[in-house]
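The two complexes that follow have chain A in common; it is paired with chain B in the first and with chain C in the second.
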Partner chain A sequence: MRMAFDPTILVQYWPLFLQGAWLTIQVSVQAFLLGYTLGIAVALLGLMPGRLPRLAATSYVEVLRAIPFIIILFVIYYGLPFSGLRLPAPLVGTVALGLFASAYYAEIVRAGILALPRGQFESARAIGMSPLQAMRHIVGPQVARAIVPPSTNMTLTMIKESAVLSSITVPELTYQGLVVQGNTFAPFEVFAAVTLIYWGITIAVAGAARRLERRLGVAQARGVSRNRLAASYLLLERERAR
Partner chain B sequence: MSFQFAYLAGLMPNLAVAALVNLRLSAMIIVLALIGGTALTILRSLKIRPVNALIAFLISFIRGTPLLIQIFLFYYVLPAIGLDLSPTVAGVAAIALNSSIFISETMRGALITLDPGQIEAATALSLPRHLVWAKVILPQLFRRVLPVLVNEATIVVKGTALLSVITVVDVLRTAQQIASASYRPFETLIGAALVFLAINLTISLLGRRIEGRFAVQRA
Partner chain C sequence: MSIPALKVSGLTKRFRGVTALDSVYLDVARGEVVTLIGPSGCGKSTLLRCLTWLEEPDDGFIEVGGRPFGRTIVGQVVHRQTRREIDALRPKIGLVFQNLNLWPHLSALENVARGPVVVLGRKRAAVEAQARALLARLGLERQMDKHPHELSGGQRQRVAIARTLAMEPELILFDEPTSALDPELVGEVLGLLREIAATGMTMLVVTHEIGFAGGVADRIAFMDQGRIVETGPARAVLDNPTDPRLRAFLGRVLPSSLGVTA
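Moving on to the complex of A and B:
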């Protein structure tokens, strides 16, 4: 049993952690772009008139959301060579992560569009806005306000899910952590470092999203003033004085 | 090589047996997480400053790091500080802790939708604090968070697939073992995917049924 924290391991291996973290960020950004593009396409497909497009969109979303990401990843990673296509693991991992996220983004976009009161676009056109102006000033901001908070949540989930790419040897942060762990047998130091880096990344993304939300004017938490008695049960934090 | 449906059909019984492992672990985790999440919520409502600060730190940590890393922490790090857990116990503990935190956060959101008048009424009847929770708040709270709990159950089921990485022999690991013997990874992994698809679609369907029944009761 070893209790002492040995920082020399981190000093010695920091380039690996840095490379891993950088790849995690790159993979996440690419998967986000791919996932959101696909998500919008699937959402629009689901909103098209007719039963078939809607069925296709619903099946896509339901199937991808019911299967663990690690299995989606393995099916694609081992299935592609099966059909004669050999691609590098980081590419396969990024595409799989994007596909996985696209199912959730599709639901978010769909709900955001459906939440828009009917006739907003037509009203904007009626008071003389061009279609572009109507999208930019009336419809766009309202949809954005509805979809940014859940999209942030999903993006954080996706970044965290990228750790699973380590299991198909994509040398991202978790993989590098396991490599260092195999070399040093110092799990405490290694996982402390890996954990802190993930935590830093997610906190940074969450902070950026909060700033975006404030700019878009997403409704702040309702400051329902409650009586002290009810608050002693129904609120889990002390109310901050303003 | 071509995709062989006969081979896929042949291995489904094996995978179904392995699925019992995922189902059993998931059931344990969900029960633990529901108890843990409820206890955390009640504890937080007491607003003891150092306790809540500690819980806030834990929430930020659990929400800010991958579940896979949390599983590794329980599996690799706890033995290093003298607590040797079997892969199954470490995995169940890691996912249950993760899920407790998410359930407690859901409950936090649902609590403020309850009617404060009921708390006043209960207190006016001099109901002791534990009975206000047990008789007034929790029954309504559980009903309100039920849709999220159903969703959380599917997340837990998916989470158990990660336990294959720390050598728990579940559906995924069984599929991998079969694949490494037969050199047919595509069919076996599709089989594993179908197992999870069946489990989670069933949970969603049951969840919608139960919600429907509650809605009728409330009306």
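Moving on to the complex of A and C:
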């Protein structure tokens, strides 16, 4: 038997790869949104005064970080039917992925906020801003830039972890790769293609993150008014149209 | 007698058993300028932080223009005010931080304008016009669109003061306003404080500048070990200190003589 790279397999099965890649992207975006929202909430909870909220936040982070993602996934996917809930695998997979990432996002956001001098928050509070207003107007915009690189790292890790969803039959990229491999018995061709697609997705995300970081950096260094998107958020000047 | 701008009674603060404020009593009348002097670590900064509720005092009461702040007594029971009640009164008490804490991601104008827009819910156009006028009055008409890192130390101080004034406070607390400045800027900032005092603003100024204390302040309060040990008209306190600790303190900060020229 001769081993030769056979690209016709990829030509023949490209719709499956495309479907898989698309689902991977969808799952990743949704898990990112869920994970980051939860992450910010847990980070803020952990910074609240009082022992109870802090304990809740640290327990959340500690528990989720202590478990391999595949186990989190199995516990949720096989555990839910016990409580009478039977949900579609892609939904369960997305939520599990979001939960997994949220613990790390929470730590990133928390560290970013703690790195800012406390006086920034206090000077906002002293003029009468509520804690949330101080976060939104003073702390958040300053923390945003600093947390882009670590958040990017975690997001790339999360995108790659989404491959694990194949083990609960979510038809994302890796799952489709396994399907094609089962039909063609050509694992190398299939996983070389899968590799390239994951690589393309992560490159796109990393590039977008770099642009975002530059943008936020520019907004910070040169005055927010130069950047309309940042300005409308940071300056609240929706009424002052230019 | 009219209602004092600030009335502090029995204010006490402990940090892990160490008493930072030991039953502080202080009244500041409307339009009065009081300076708070004392050795470092005597509780001056802690007092200012408690007066803005950045630090919650363990005991005692604060009134701002006759309104209880932080705690209130209803009948015989002490009530803690809610976060909202505290935040609602905070704009009345301006605080200029020792290290200013300007917001580096915002222009000078926005540092001043953001508070009234967000906290007081004012219209942005009106607030900006007011902030521009305020900054111009403080000699910053060319610096409005600059960020804090592009400003000199004295200019930053002015922005911080403008940010506080923009909230239209009833009194302003200054935490060592000259300590972070180059020596040649000290006179400039003291002049600015004099100007603000001349507008009738009530001020409580923590300072090491005994000259300022003697020249501008109506009253001096001397703090030591968490207590206000001596208080009285500026001249009297500086020229005829009665408390031995105050004498020792003045002897250290004014080594040549106790005579003060402002």
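Simple rule for what comes next: the second predicted complex is superposed on the first by the 195 of 242 C-alpha atoms of A that agree within 3 Å, B and C clash if a C-alpha of one lies under 4 Å from a C-alpha of the other, contacts with A are read in each partner's own complex, and residues count from 1 in each chain.
In this text, a residue touches a chain if its C-beta (ideal position, glycine included) is under 8 Å from a C-beta of that chain, and two chains touch if they have at least 3 such contacts.
Since we're looking at a predicted model, the values are computed, not measured.
Once the two complexes are overlaid on the shared chain, A:I203 sits against chain B while remaining clear of chain C.
Of the two partner chains, chain B is the only one touched by A:I67; chain C is not. When the two structures are aligned on the shared chain, A:E172 is found in touch with neither chain B nor chain C. By the document's definition of touching, of the two partners only chain C reaches A:Q133; chain B does not. When the two complexes are overlaid, the chain among chain B and chain C that reaches more residues of chain A is B. Contacts of A:Y78 after superposition on the shared chain: chain B is touched, whereas chain C is not. When the two complexes are superposed on chain A, the residues of chain A that touch both chain B and chain C are 224, 234-237.
For chain A in complex with chain C, the residues that touch the partner chain are 117, 119-120, 122-131, 133, 137-138, 141-142, 219-221, 223-225, 234-237, 239-240.
Here chain A touches chain B in the complex through residues 1-3, 62-63, 65-72, 74-75, 78-79, 82, 156, 160-164, 166-167, 174, 177, 181, 186-188, 191, 194-195, 198-199, 202-203, 206, 222, 224, 226-227, 229-230, 232-238, going by the rule given at the top. Chain B makes touch with chain A in their complex at residues 1, 3, 41, 44-45, 47, 52, 60-61, 63-69, 72-73, 76-77, 79-82, 108, 111-112, 114, 116, 119-120, 123, 132-133, 137, 154, 157-159, 161-162, 164-165, 172, 179, 185-186, 189-190, 192-193, 196-197, 199-201, 204. Per the touch definition, chain C reaches chain A in the complex via residues 52, 54, 83-84, 87-91, 94-95, 97, 99-107, 110, 114-115, 117-120, 124-125, 145, 147, 163-164, 167.
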